[in-house]
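Labels A, B, C, D and E are assigned to the chains in the order they are written; within every chain, residues are numbered from 1.
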Amino acid sequence: MVTMLSLPFVAVVILVCMSLAAMLFKRNMIKIVMAVHVMGSAVNLFLISLGYREGGVAPIFTNSPGGVMVLPAPQALTLTSIVINIAVVALMLSFAVSLYRRYGTMDTRKMRLKG
Amino acid sequence: MMEHAPALVIAFPLFAAFASHLIGRLGSRIRDIWVFASLLLTWLFAVFLNLEVMQRGTYAYTLGADISSLASPAGFPVRIVLVIDGMSALIAFMAVSVTLASFIYSRRFMERVSGGGESADRYCSLVLLFLAGMLGMGLTGDFFTLFVFLEMTSISSASLVAFFRKGSSFEAAFKYMIISAINALFLLFGIGMIYSQYGLLNMAAIANEMVLNFSFLDKVALSLIVSAILLKLGSVPVHMWKVDVYQKVPSSVAVMCITSSLVGIYVLSRILFSVFFSMSALTGWMIVCLGSLSIIVGVSMALPQKDLKRMIAYASIAEIGYVMLGIGTGLAGMSSTFGTVALSGGVFHIINDALDLGLMFLIAGAVFYATGKTGISKLGGIAHRSASLSVLFIIGMLAVSGIPPFNGFVSKLIMYESVFCLNPVLSVIGILGSILMLSVFVKVFASVFLGSPYKGKFREIPLSMTAVMWIFALLIILLGLFPGLALDGLVSPAVEALLGHGIYMGVII
Amino acid sequence: MIMKVLLAMVVPVAGILIGLLYKGIDRILAARMQGRVGPPLVQPLRDVRKLLVKENIVPDDAVGWLFSSMPFVALVSVMAILLYLPLGITPVLEGYGDLILVLYLLIIPSLALVLGGFASSSPYASVGGQREMVKMMSYEFPLAIAVISVAWLLYSSGAENVFSLSVISGTHVWGLAGIPGLAGLAVIFLCMLFVIPGELGRIPFDVSEADSEIAGGIFAEYSGRNLALFYLADAVKAVAIASLAVALFLPYTVSGIFGLGGAAAPAADFLFHLLKVFFVLFVSSTVVRVVTGRLAISRVVSVYWKYPVILSFLGLLLIMGGTLI
Amino acid sequence: MEDAKKLKRLVKSVWVFNWFNSCGFTEILPVVGSRWDMERFGMIPVASPRHADCLIIAGYQTEKSIRRAQRIYRQMPKPAVVIGLGSCSMSGGMYWDSYNTIKRLSDYIPVDLYIPGCPPRPEAILKGIMSIFREVEDHA
Amino acid sequence: MISTGMGSWSPLVFLICVAFISVVVQIIRSLGEGGFRKEEDKAEAFFSGGRLLIKNRVMDVYWGFFDAMGRYYGWMKRMHNGIVNDYVYWFVLLVTVVIGVVILL
């Protein structure tokens, strides 16, 4: 029985499986990069949902309304992870574009480094 | 100033990386001097780290709150702890010295290959970023900082792979980036799982908590983290990206990539020895099996290769297999005597492997510098044109395949005689691997160096490149003749550091 | 200590003479088996003296320094092996080297041969060099299994310092692991004997110096003094590999039986060792040389990697089984 | 070391390189065989002129093959012996009237010994070689 | 001088003995004739009397080994096909194997 609390973890599992499936079967390079981005956000979702507390408040201490606070550490982690994820995806896209300009194809099967 | 060495070792290359662009504006000579001076300073910090470790044993350096109990408003400490012990100091020292050597080598190498000016600035800052990432991975005692520095190394080395702006270098960089992204995400997944269990990120603190309750989720987290690090290492099932990368990366950076895989092995052994040591028998056997598989596949795939650097890349996968063999037996036989001997063999092989394959890649780079080609069928008879390159290659060949007077033999001897107690078949695979490795390099030597004199244009190899190669060769001969030097000085403190997970935890709590 | 230094001087030179002696006996016996008279016993020595007198031609395209240094390296490394091997008596360099070292030192002469062949820039020699390298790859696998399983037998029966050759040649290996161990060891001894002709390049496996196919193979360009050094290296290598096999599998000494004491015991042991070496060489290389024809190179790889490897793995399992019971 | 002493050593172990075209080889085989066994005199057939001391040229030589025979003779390390086997090497034998046969071998290569016969019997070959040995023995 | 639990190895003693033996071998070597009298094409590579047209190209090295190990190299060629999807496939396989091993054993 999927309770309200464990819903995000189910979403994370689905997202990861989807991105892995895309990485395994999609031939186009851009689609693989998108799959990597989807997996990145899945991991971020996983980190955020770790720190969730029932009825928690945003973990800002200056004149906070009091009450239970959501854990701040995972949010810090997620921030860095988002930043890194963007850098990685941007780099991959630039490689894919330059590769397309030189090889003329986006198809991963037509690569030349093999054997 | 010196007691902040651990933090400065990481911070200084970072600062130098970004400053090198600015200083590049003033002139390439000044930028070279600046980068060389900063590398030398980092090298001094690393040497100081080693001396400090020899004196004080394992010690921690905390960035942020000093004592764990100092509560920040939110009620828990905000700090990152750098743990420096025998092993991490050794790895840091190796990373910096290899980067220093490869930088001196790359001055003239990059000039001919990609032209100076703006791209040379980019090269220097990327190399320094790569070094900072490796040092960060080496020294952290904290999972998430490990993840951040891992990302830094992969991003900077991916852009170094794509440095030559040719079609196939972009392809190799693209593959490398995808693999590093997946590796980092799976690592983060594992870290998240552990964080959900214990609410801690510090390795030693987690290890302390984990001794009591070791739940099912921790096992899943362990397997995710270990497979992510194995992917970064390039052990057998997931080694193909490494071959493409080493083929297309400039040779001076290839030497640093080898050291980054050895830093990866350090991270693997740190996690398995100091954090998940309760599972050591199982993980030890797993690492040993993957290691022997790497030896077989690495060497057998290196034989039919047609490209020089791709062949050396497969050879480096086999060498990583040897190190995994040593470390795995150290893990599996943690309590017994042969485990410690195997571990010291494995750690000593890390040093030898970095030197031998480093020399091989430098020679491949020198051949590419002189002739502009790396295909084996297009080269031939270079021994007539430069005898020093062929003598260097012979030294490197004998050292990599472990022929007696050189350093490869010493570490392989130690490993065979201790891995033998775990299971004799592993020693057999080791011996077979070294003979096949020898035939790989004999094939390269015969088709590239011997035969009738080379007809094409052969540029003279500059002194700086030959000097660096001869330094590597002399170190190989020195370690071969006086193995006791390295074994007692560098290797035994590292082995004690790895095995003593009690001390490792004690430093933090 | 003086005795050890003296021995260290005498043993390599004695190795050369013994090697030439065995080569002479080998040629005579092979001839007699073919119904021929066969050369006089000192024929190998005459060959070497004749080769020393001949001109030493270095081809133009050859890499001169490598071409001439490889025979030198081959002979030096082979003579160095003899110092580490227990020739009946305890090895000369007893505490300074062990079994794995000998195994790796046995690679150097063949490597010197291969590099010499490649350096001589003749197509025959480079084909011969490749074949020698492939042959080395194939016979090293069963050899490694044989060596490791003997060491494992000693290790599991509780001996320490298992890889040092004096311990190996000191203990009687055959009775250690009961019946399965005995059978396993016999199988592995067979594989070891099967490896020796490959290691020495005798007829069934002389693919790298195949006279009829590639005109002298690796030695096609060698003449005079260099060829003499290779000739001596091949002779000494026969003694080295055979005494390794004897040390591993036939470590029995005679001096105990005759009760000789003092100086006579090592001499008797040394002679008995020479006898055993002759027996091993005769069985494994002379008889096989006369009986069989040359194998094609791809057959050499499958011949070595199919049957001896499976057999010696089986032997290793038998030994492991034997030690467990 | 002058030639005579060298020849004395050479005679003790002669390594033979056969350059045969036609009937020559069929006659060398029995000499190597077990009945006439040339190995008792220390003579073995070798495959490369670099190892050879004695070059046996058997059968008739044509314009093309004599150039190769000359290059092989030059590639042999000296001191070396050349033996012309059979009447073809002496006078072109039964092919004397063909357009491309070499009539006399010694016009092209310095021949030390001719063994007549078409083809010479193994005893004749051995007798010829023995005469070289005796000559070297007396000379030294 | 290093000694693992099972054996020992001393590089210096090895070098001393090799140095001594190379003196002995040098003596043997000096007994022989050093050079040779240069003639027209005496130092040409021996090619059954013919002239070497294509200078020595080391082609198709270790043919025997690949011919004997044909099947193994067939698998290897299929495994290393350089397609990124297959890299990820092998990684997913590794993760499942590692999880299986760690959890079941």
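The criterion applied here is as follows: a contact is a pair of C-beta atoms (placed from the backbone, for glycine too) under 8 Å apart; a residue touches a chain by one contact, two chains touch by 3 or more.
Worth saying up front: this structure is predicted, and the values here are computed from it rather than measured.
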Set of chains adjacent to chain C and to chain E: B, D
Required steps from chain B to chain D (each step between touching chains, minimum): 2
Chain nearest the overall Cα centroid: E
Result of counting contacting C-beta pairs for A-E and A-B, higher pair: A-B
Euclidean distance of C-alpha centroids - chain C vs chain D, Å: 36
Chain A and chain C: spacing of chain centres that average the CA atoms, whole Å: 62
Distance from chain C to chain B - Cα centre to Cα centre, in angstrom: 39
Residues within chain E bordering two or more other chains: 1, 5-7, 9, 14, 18, 36-37, 42, 44, 46, 48, 55-56, 58, 61-62, 65, 69, 80, 82, 84, 88
Junction residues of chain C - those touching two or more other chains: 53-57, 61, 98, 100-101, 118, 121, 124, 126, 130, 133-134, 137, 151, 155, 163, 215, 220-221, 224
Set of chain A residues in contact with two or more other chains: 23, 29, 32, 111-113, 115
Chains grouped in pairs wherever the two touch, ordered by label: A-B, A-E, B-C, B-E, C-D, C-E, D-E
Residue numbers on chain A that touch chain E, as the complex places them: 20, 23-27, 29, 32, 108-109, 111-115
Partner chain E, residues of chain B touching it in the complex: 174-175, 178-179, 182, 186, 216, 219-220, 222-224, 226-227, 230-231, 237-238, 240-241, 243-244, 279, 282-283, 286, 297, 300-301, 303-304, 337-338, 341, 345, 377, 380, 404-405, 409-410, 413-414, 417-418, 420, 439, 443, 446-447, 450-452, 480-484, 487
Chain A residues within the chain B interface of the complex: 16, 23, 29, 32-33, 36, 39-40, 43, 46-47, 50, 59, 61, 69, 71-74, 77, 80-81, 84, 87-89, 91-92, 95-96, 98-99, 102-103, 111-113, 115
Residues of chain E that touch chain D when the two form their complex: 36-37, 39-42, 44, 46, 48-51
Chain C to chain D touching residues, read off their complex: 27, 31, 34-40, 43, 46-47, 49-50, 53-57, 124, 211-212, 215-216, 219-224, 227
